[in-house]
């Protein structure tokens, strides 16, 4: 099946774009790199659409094959442990191709307008291409180590893009935070890979995920600290995923990551990179499900908790982008949870399917939300939603698209979000009532905070803007409209046939027992927001007061940043690194130097021996002779 | 004419030529040309080596040549290279080439500077191609000595003290080595017959275990001192901090590798049983030095100190991997040597250039340089990424090979320490980003730095050479890794002969 | 016996003739062109040295009292060479007005000590040995006091003569005991009769301390520093190289041949002496400022290294020692040559006085550096090989720990040699020693030294030759 | 042939002389006296040689010759020493040994 060799170009084009714009970008007019990037992205978008079409709607009677159109050896560790660079096409990777290229293309287009006139326009596009390249490489990885490689690249390009305004200390800090936190998680990923490879002797997804494989034969016997090796491996790998997907408690970097330009937030921190973790778990799903059920449990609960936790925080945030960030967290929690509660094969695999489905739809509407927010910020030059209000008449297109997005995420029927979220709830219900309850509440909260945002921004009375807000240029609104359409209709894609845990389609019908209540609670949330925020009123403030300490805690994200800061700054820097540095200088080095100094001191101490008195010399002479004589005699005894 | 002898001859001739140059321009030009030729010769050597292997020459060493020197003691000039030595020579040539250009503007006693620098390099080449312990040791000590003048004369800060400390500590190390070598010599013919210094011949017999137990620590620690083995690493921060740019580059980039190279070529290869038995001690030491170096790097504020400590950490990783004694891990060790050599040289070059502009190395006094000197800043970032193991740059390849290899070890203890060591990549990320964040990003801190000029052509040449090398290894590691692995086979086989536990 | 046999002691005879010739010449030269004597002496001695190298037969004289073998001949030639270099270096100093009336004395005294050493080297019994020893010592006292108006010089002289007298007294006492125990003064006979009994042991100890005085081993070394400092530089260099070398050589021979039966008895003794000598020498050298005193202590430390060769008993040890002495001649004379040159030109003889020397006299600085590195045993200079072979010899008889101590001591010595180099190259100085051009003969001498230092190591033939002849000698 | 005096007596005498000499050399302050102490030592050695020769190996003369030479050399030594002592007197105007300590450490 080498019919898909052209997929190589999907990845190579962004790479080439990166190199070209990166090296020569400074030479030519900014706009050129913008256009180049956009065109390039457009090409690989079309290519991946073609791929998707021919993959999904080609014949697949007995399920979808895993296709590897291209693979080359990159680095060989042992006879069996080999890092290959290749392309693996299977339902989820193809879907991800579509998602990434779509969003990336939209963002490229959008940025032409949004970033217009920024210093380092070329740099921006170079980094965008770099990111897209790495992200694509990640999803089509044929083996876990290739994935890890691109995983790191994704991390670094995210670092570069968050810190795009590198003269802004907060941006620099945020980028550092993002990198180090994810790096810490990646360590888990790496160790997981090490354990996995030690057990199975392979990196290939093909070998790892093939059903009923025998490579885990040895695994059962192995355990460390009472926990089976596979559980260790999978949990550690999940930690890696959790880092990228900002699962609790590694979520702290994501809100700060909003320091980056808004299109970046849309691309990386809403649609693509942050779902890498979910994708990883999905990729390893058979292994996790069969070899490490305990790990899967953990995944489920972490997902659930994160979604709730983030939703609660989102309610209290003022910064429009932070609200969106926390909603992203919450939605990612959904996806993780879905994987956590999923089974394998057919109906059982509903959660898996749902997760992927939600990933897809979420990408669309969350990107839309961010781009919309971008266009708002573009108009208002502020992130704080209390500086906004009544914008609906200034920014009609933005308003409509934003509303659609909000409705979608709130799970209003017949929009894409509704379907995917519904599937997740069903899956949760089947496996774990507690998690279902959590998700049910979160659905309501989501609706509430989204519409709180919506009403504050577009309704209420005008603020006095230093210049009247005007609708964004076409380059920015076209993506908005496109994504709006996408998020409306994405829900009608037959995911149950296309993306499933065992690559075989299955039938699933609406479960009204779940759908109706979830819709109701969504509407409830919307209504509450309507009452509280449609008109300017004191009620929210009062409410906030009435919650008191709890409110402040929530507003301060439960002080997690502070805790982390304490750990790093105080513990690691002051109580580990500083003493070590001191120890090195004042103990070890001092000891080495001390040897020398002592020698010198001794040489001064004994200088009296050379007194200059002939008779002392003579005495020493005779004494020495006699001493030798005595020792000699002693020896002979 | 044997290519290897040529490798040693070219620098010698260069020195002679430099001696007869008029002014500093001539001196630097002469040495640049000389080292350029050397670089070409090295490339030729690499190609020749690969070609020879391709034609299926299976000898352990290639291009061997052997002249009797002291017949009564059976001392030879025995030269020869395997893949590892070739790789090391390549590293040396690149670094010295870059180093010459990094010290392009040096005008105080230029002639003497370049002569001693090239003398140093000559010794390094000699060391890598030696197959005879005596000549090896001779070149080893010869490599240590020019250091004193180089640091003492052209250094900065408390240069005399640092130079003295460095020289003495390394000499003490070579004292240990001397004992080890003599021990090897006198045990090189347990079955009677002529004693020999020749590594290959010794590697064919097995030294009596009692002797191994006695002499292994001498040889290993002796070389380990130069390899910045904890707790004998303290010469390195001071030394590197005080040394002039090119010397730091060469010393951290190449000279410290002599330590690691000697550790396995002499100590481990020739005394496998003892190596197996005592490995755990040194594994613990190196584990400490990896983590410890990284942690103490976090707290430093002097750029060179940061890099010196990160060198301690990275070189610790080298010896750590060597002690794992399996093909992959040792391959990783060699890769790590090369990768660390290149990127640390790059670091020191950049630090030197930045220092030359801002006249400070204290990161607290600098900031936001990205705006002012973008080229240098970007290269510095690349170097940083290389050192924190970003895929696509050499550091990643080396570290991953080390980790995977070490983790394949059957013994649980080894796997656990591997995990500990692996955790250092996070700490590395912390201090690298700290530096990058403070030094390059953010608003410009000191307004005097507002009108610094960016890199000159020779600086660009110097840094780009290194960057290309780093990237090349990072992007296409396979051929290098395979070459090394091929040459590692006999060594690993010999080490694997004995499994005491 | 016919007179033809006297060819065996050609070196001694030649030297005697030379000495007498100079004496006579001195009588027949007028006051004003006394300085011509120098050229005469130089040429004459160069001739003698050259003739010495002509190979001739070897054998015994006077019923074995005088033994001449290729090894001894080689040793004598080395000594001649050394003295020639010393003379060349002394030339500039002798031309100074204050020495105008003592020119011939210098040569005659030196030559007579050299004769003594030659006899000592090829002694076959303790009588010749003792005569040679004294002939080699007493005139040096005169030489040490050569600057008779300088109180240091006088002090050096008296210290040397008195302590040497004491030491030779003790040595003789030992010899008398050995004679009492064995009933012979012939090496050959004694060697057969020596047995580990109290009398022999005592005698041996006294003998060792007597020799220890000459080689300046700790604790018999105290005179060294003071004498070296007080005596004129050229005498000092003579002392430190020639007389020490000869003594070390004969000491080795006696230990290897005469006392080889009680080897187990003297090895621990030499072991301790070696450690003490190296360490003390280094510790004292570390903080010296007067370059002559500094070199004195460094030479003491070097003597300690020689003992390592003695411990590596046998052919390799012998070879290593002779080789080391040869290298040491070039190395130390190189260093002393520079010191003398500088002293003649500027009167400076302190290390701190050398600050910034490199700015004005780069050539001399490099010479000094190379010599010092050679002393420290840095490759690829001869000193490295000398030390390495000594260590190899010691390791050969299993003294690895001693070797370790020795090499660590070498590291310490490197420290203080580097201090000098630091002074020369690194230290800043407003008015360093002004640039000067030393006399031609001095230059020749230095060139000889430096070539020796640079070449000896690489030319393995030298070592191999010594090895072959010492093999002949020892069996 | 001295009747009835056993070897040991001579040896005792010589040994005592030797150590008197050594002690004298170490204790006495006057350079000339120290020189005389040296003479004592040398003469004790002479006695040793002669006695050993006479009693143990009467059929040969090595010991006696040796002592003759020692006497001769001792004379030379003494002469040089005294010359130097005079030289010292020129410089420091006395011959107390403790004043001869210009160079030390």
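We just call them A, B, C and D in the order they show up, numbering each chain from 1.
Throughout what follows, contacts are C-beta pairs under 8 Å (C-beta built on N, C-alpha and C of every residue); 3 or more make two chains touch, one makes a residue touch a chain.
The shown structure was predicted, so the numbers you read here are calculated from the model rather than taken from an experiment.
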Item to check | Lowest number of touching-chain links that must be crossed from chain A to chain B | outcome: 1
Item to check | Chain pair with the higher count of C-beta pairs in contact (C-D, B-C) | outcome: C-D
Checklist outcome for this item: Whole-angstrom distance, CA centroid of chain B to CA centroid of chain C, is 43
Checklist entry - How many angstrom between the C-alpha centroids of chain D and chain C? => result 27
Checklist entry - How big is the gap, in whole Å, between where the Cα atoms of chain A centre and where those of chain D centre? => result 98
Checklist entry - Any idea how many Å lie between the Cα centroids of chain B and chain D? => result 65
Item to check | Residue list for chain A, restricted to those that touch at least two other chains | outcome: 596, 607, 610, 612, 614, 618, 622
Checklist outcome for this item: Multi-chain touching residues of chain B, meaning two or more other chains, are 168
Checklist outcome for this item: Touching at least 2 other chains, the residues of chain D are 22, 25, 34, 100-104
Checklist entry - Where on chain B is chain A touching in the complex? => result 165, 168-169, 231-232, 234-235, 237-238, 292, 295-296, 298-300, 327-328, 368, 370-371, 385, 388-392, 396-397, 400-401, 403-405, 407-408, 415, 418-419, 422-423, 425-426, 429-430, 433-434, 437, 440-444, 477-478, 481-482, 485
Checklist outcome for this item: Seen from chain C, its contact residues with chain B in the complex are 373, 378-380, 384, 388-389, 391-392, 395-396, 400, 403-404, 407-408, 410-411, 414-415, 418, 421-422, 425-426, 460, 463-464, 467
Item to check | Of chain A, residues touching chain C in the complex | outcome: 596, 599-600, 602-604, 606-607, 609-610, 612, 614, 616-618, 620-625, 628-629, 631-633, 635-636
Checklist outcome for this item: chain A partner, complex, touching residues on chain C are 158-159, 162-163, 166-167, 170, 196-198, 201-202, 204-206, 208-209, 212-213, 218-220, 222-223, 225-226, 265, 268-269, 272, 280, 283-284, 286-287, 412, 415
Next on the checklist: List the residues on chain D that touch chain A in their complex, please.
Outcome noted: 22, 25-27, 34, 97-98, 100-105
